[in-house]
Amino acid sequence: MTQNKHKIINDPVHGFIKIPTDFIFDLLEHPFVQRLRRIKQLGLTSLVYPGATHTRFQHAIGALHLMNQAIDNIRQKGLTITDEEAEAAAAAILLHDIGHGPFSHALEQSIIPDLTHEDISFILMQRLNNEFKGKLSLALQIFKNQYSKKFLHQLISGQLDMDRMDYLMRDSFYTGVAEATIGTERIIKMLNVADDQLVVESKGIYSIEKFLIARRLMYWQVYFHKTVIAAENILVKTLQRANHIAEKDSELFAAEALDFFFRNKITRNELKDGHDLVIEKYTSLDDDDIIVSAKAWINHSDPLLSYLSGCLIKRGLPKVMIQDTPIDGRLIKKLKLNVQGLFGIDESLSDYLVYQGQICNRAYSGSDEKIRILYNNGIIKDITDSSELFNTSLVTKPSVKYFLCYPKECEV
Amino acid sequence: MTQNKHKIINDPVHGFIKIPTDFIFDLLEHPFVQRLRRIKQLGLTSLVYPGATHTRFQHAIGALHLMNQAIDNIRQKGLTITDEEAEAAAAAILLHDIGHGPFSHALEQSIIPDLTHEDISFILMQRLNNEFKGKLSLALQIFKNQYSKKFLHQLISGQLDMDRMDYLMRDSFYTGVAEATIGTERIIKMLNVADDQLVVESKGIYSIEKFLIARRLMYWQVYFHKTVIAAENILVKTLQRANHIAEKDSELFAAEALDFFFRNKITRNELKDGHDLVIEKYTSLDDDDIIVSAKAWINHSDPLLSYLSGCLIKRGLPKVMIQDTPIDGRLIKKLKLNVQGLFGIDESLSDYLVYQGQICNRAYSGSDEKIRILYNNGIIKDITDSSELFNTSLVTKPSVKYFLCYPKECEV
Amino acid sequence: MTQNKHKIINDPVHGFIKIPTDFIFDLLEHPFVQRLRRIKQLGLTSLVYPGATHTRFQHAIGALHLMNQAIDNIRQKGLTITDEEAEAAAAAILLHDIGHGPFSHALEQSIIPDLTHEDISFILMQRLNNEFKGKLSLALQIFKNQYSKKFLHQLISGQLDMDRMDYLMRDSFYTGVAEATIGTERIIKMLNVADDQLVVESKGIYSIEKFLIARRLMYWQVYFHKTVIAAENILVKTLQRANHIAEKDSELFAAEALDFFFRNKITRNELKDGHDLVIEKYTSLDDDDIIVSAKAWINHSDPLLSYLSGCLIKRGLPKVMIQDTPIDGRLIKKLKLNVQGLFGIDESLSDYLVYQGQICNRAYSGSDEKIRILYNNGIIKDITDSSELFNTSLVTKPSVKYFLCYPKECEV
Amino acid sequence: MTQNKHKIINDPVHGFIKIPTDFIFDLLEHPFVQRLRRIKQLGLTSLVYPGATHTRFQHAIGALHLMNQAIDNIRQKGLTITDEEAEAAAAAILLHDIGHGPFSHALEQSIIPDLTHEDISFILMQRLNNEFKGKLSLALQIFKNQYSKKFLHQLISGQLDMDRMDYLMRDSFYTGVAEATIGTERIIKMLNVADDQLVVESKGIYSIEKFLIARRLMYWQVYFHKTVIAAENILVKTLQRANHIAEKDSELFAAEALDFFFRNKITRNELKDGHDLVIEKYTSLDDDDIIVSAKAWINHSDPLLSYLSGCLIKRGLPKVMIQDTPIDGRLIKKLKLNVQGLFGIDESLSDYLVYQGQICNRAYSGSDEKIRILYNNGIIKDITDSSELFNTSLVTKPSVKYFLCYPKECEV
């Protein structure tokens, strides 16, 4: 074990982060992980919160750090976690996001339909497992929740996983929304294991409540900020339009990896089957390809593509309405007529400029994955039976809002 | 106006704090305010959170700072607040806590029964008004909510007053409970005035929710921490016992100002009427008197007083049970019998060692004072009609818990 | 003045930042400024400090914020600064970096030789002045130090300018090198003006010393970190090689704006004269163009270009030696021979892989621009006559170090 | 080992602090350590920086925490430190300040002449060693630098000891002088051991420079702030006057433990020999005794004592001059005449009101204890031969300043 690999990384959120083993260091150096340096954690959110330029790479390292802390803490409480299990859990959290495409969630399913980023992460992890001669087998089992110690999976994907812990802290730090700070250190100290399941000791309940409300605040104030929604929709519409034009116009410029996906309609299965070329192209695609392509499209002869690209690059974002009730169809109709006039386009194209959608945020859903509270007397309860706050429709019922975007040139 | 008075104070919570006017500076220098340097903001909480040694003095300055920010912000929104009103509001918030006795809330009503610290603050403010030849008249009107611009009173005492804003930030900072940080700067920016009432602009709702949950977390994790409850009850019991002994034992030592209150049963009216000697003694009483007296009592011949004082000084705190249901009377009975044996005391005295009580925390009560939300269309709603979180029994229904303390020497 | 323009921006470093006037808001929205969102403040430093993904855009807004604070503070000390001057100073600091090319300093003079980023900023500001019908004339005078109130220029470019204040705070924040925090708020409060020159009140001396040492620490620990040097040199070498190949190979891909500069050797004068096309291309060039081009070059047939691009994209950085004395020529010779064998290249090409250079850091040079200390008695001294720390060769004598880079495949 | 003793303490400076062993927990609970809760770390500094109400108790725990981190780090570098040694070092740092009297340094040698607080700490540690049946023997050896592994002593008392690391961080945090933040975590990571001596790895040099300059800044901005000097001198003069009066006036009130030292002139040897009563009284003496006594003295018939006590309690601090040259004797004479008239006192008493003194700060003295730098090639150099900054008279030559205090009622 060479000294070189005992790397310590300085992170503004967590301080010094130690890379625990040589294998984890090798994974970190792999181009699949290095690519995450070029994918912004929060997509286009930096158009609203300029500080939020942090990347998936930082998040992956931060989540790795919290995983190591959680494992240390659980071991100190007397539970056995082998070194092999610890390394597998560390590998799995480090790699959990390698499937993300450009701008993270913003373009999810725009490049390859019907595959979530988790699906793609799993495919790429399998590929790495081959490359590293099976050293990721246990990590894959844990990732897929096929390993007996369920709590290891729950630390990677669950109501209180290290992914959420890191992204909430990090997004709050980089956006400057300081009031959303969560008590990660305290929550991790309160974690324990009972019957192979992750539990929280009862005196941690208020920190969990706080965590939940901070998450809710981040949703409405950052993730679903109306200008963020506007920006991400402009991005999606720009890509759709370019993709559509590419079908007919073989001259349309697109950065290399993006061009590949425009020219070859890659299906879910082609990636799943791990075609080498598809994998190679996917893992060379990042935020830069989109930006460089959009800059070129500004001068394209299609007025819609040119307009949309300009909005993206010069931050000429649409107006947005958000409300608790569905958008009035008459308003949409009126705005579509309006843009047809303004932009001289057919009705069929007005969808590129005037569109609605809905956003949905549920703080806690006990149906898929629970938060279990461990009492001093050994009893375990679901948090909805422990906390007055959780025991309300607020956190279990999804909140739905409706939005409408239209060009800023329109008059309502 | 001399340069000397343009003082800037360095505060670890808010940074540089500017004292706005000469008159406010003169108030700050007055012994009534300087006394607050010797009264801990959180009583005996530093026995649990050692960092929490901050004083009422710091809090008074911090609240003054936030008041100045709130007034600046409201003025920028186009509302007129005269310089006289601004100074009066600043004076009122600076002085709002001068009535606190030793260890803040811990001994409230132990020294002078039936007077809250707000009552005493008002009496002392009237005294200062005489001394400063009426310059506090408007501040007194605002403090008593007798001034037409109701929002000025609401900034001093209300659901979103500058008192709460400062103490939540400050207590979170000094205890190290970082997850309770609130978005003070943002909340202040969202404040506005409508019909002379304080309102919050609607996009601030999530910050208000966060503020509420942070407050709730501070209650259960700090203010009602079971060891804090134990410590504060030991303090009350020690004073009670000393007071009782003082009635018969003229030799019992007590620090000067405390001795005065032991020897002269001061009633509500004697302070209210502003007897000079009573005022003088009250305003020279602080935390130090209690500690010095308790150190002397450790060697007193009364075993109870000696035991209780020792617990306080040497941090020999009782055991505490906290539960959602009332304490079982049989358990109390059993423990009282136990201490009678252990300490060789009569049943009548066992109340000093075994006692129960209840703690109650209500996040928001719309009945006395409301949080009003201002929507873009000009409509104002109570927050319980605006926020899903507030619209639950959680925040409106008081939470009650029951506690039982008994000496650590007892076996349950 | 519409409400819309009274924008407040949330910055993780300074908190809420207010855009002071409509004109400043219009500048902020201009594509020349928006482009800075796509130029990283610290070039490739994020390869070493992953948190350091902040952009020139954030820095521009942060410096604007500090300028507003400095002006407020100086006005409060009784000096007159007109609204027009305040807006001009704000505009000048907002625009001071618009001339930066991709990756900030890393590629300075690689795209257009012989022009510093300040030169280009000035050219672009003139262009904006035309566009905004002369509204930037005063800002240009201040920027060029041709305005009578010299201190306004010194706030933009000087030993204690708002540029340095912001970048030191921001770089320290984003790298996580917390010990380099400086007392910006305090230094700004200590600023004053005497004889139209910026001065620091004498009680601020220790904060200035601290600022100087923090800056020195940032130089050696971040800006001149050996891996940062390695990364930035790889970037320069990659561009050089691509540029060289482009001369012969008309097929070489480069992102559009970069391609323009490869194909047309733009001289200093062509930009200076403000040719429209040159300006258009320069202001559409950003970090993304470099990354997308380098990704394409990985598959190029030239082994050097392919190797260098791969190093950049996959973080295969060279080894670096840094020492106080010049590098031994024999070692360089030996390494060059070594790479000729390893890479099968001519001697003439070995410069792309083995190269030396020097880095130079001078904390304070009184020759160009001074720090003046104002004493209570009105006397002004240069800081080298006021501070024992400044009065040493340490801060006035430049520190020079020598570095050598060579491929990690080499054995020394 | 009971669960109860695995205490975790929440510290606003370092976060969660773990008490490493049961024995350390028992020491922490001992009244000698608990007394430190009632001794302010920075004496009367809170009269200038209101936030600085932190206590020696917090500092002791903080230094303990850093010691544990330093030991962990050194062990990870391959050096053997036995559990017994680790516990002894932890005990020694926890107890290093138990000898401090009221208001820390302010009254050092005022209560018991000729004994430093370190002397008294050692005496009290010996007493504890008896009480704990020799379990502190190794800690005592380390404390006295009589143990073979010198670095353990250097971690407790040296240029880079955990005492300084904690107090600089803590004092900077509580005063709000944020720019004095030091890179404790980084410095601790750079610590190593060579030949049983503490060394710093060479890449830590800039952090050490930063540490030194931060310390220097704290000295001039906080510890030697002129109002702090004024306040601490008022405290000393008040005690002197009271002590003098006590010699003749048997009625003079003083809080119990203070009274003991007034009435019995305790010599160095009486404490050294460990007389039980002297120890008992010393360890019950704290800040509160001084405050309560001074409050009583305000009404004393001696006008000097009354005046001085009033200054202390009501913050009526003297004026202070600080300069680089000795104070002019004629000015002192003039002021003394002035106070004789103003206060109607003899010349012999004017020393209580007009006094001079000097303050001295040396950043680094290689003569007593060195900072050793370890280079990659194994060579060790003194830092004055490694750092350009240390290689200057600045840090090795003591800085001396002269101060003069006189009542604010005087005219100069």
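Labels A, B, C and D are assigned to the chains in the order they are written; within every chain, residues are numbered from 1.
FYI, a residue touches a chain if its C-beta (ideal position, glycine included) is under 8 Å from a C-beta of that chain, and two chains touch if they have at least 3 such contacts.
Bear in mind that the values here come from a model prediction, so they are computed numbers and not experimental data.
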{"item": "Per Cα centroids, the chain farthest from subunit D", "value": "A"}
{"item": "Chain pair, A-C or A-B, that carries the greater number of C-beta contacts", "value": "A-C"}
{"item": "Approximate Å spacing (C-alpha centroids) for the pair subunit A, subunit D", "value": "50"}
{"item": "Whole-Å separation of chain centres (CA-atom averages), subunit A against subunit C", "value": "32"}
{"item": "Centre distance in Å when subunit A and subunit B are each reduced to the mean of their C-alpha atoms", "value": "44"}
{"item": "Junction residues of subunit D, two or more chains touched", "value": "15, 177, 186"}
{"item": "Contact set on subunit D toward subunit A in their complex", "value": "8, 15-16, 185-186, 189"}
{"item": "Complex contact set, residues of subunit C against subunit D", "value": "177-183, 186, 206-207, 209-211, 213-214, 216-217, 220-221, 388-389, 392-394, 399"}
{"item": "Subunit A-facing residues of subunit C, complex", "value": "9-13, 15, 29, 31, 34, 37-38, 46-47, 49-51, 53-55, 57-58, 61, 173-178, 253, 255-257, 284, 286-289, 291-292, 295-296, 313-315"}
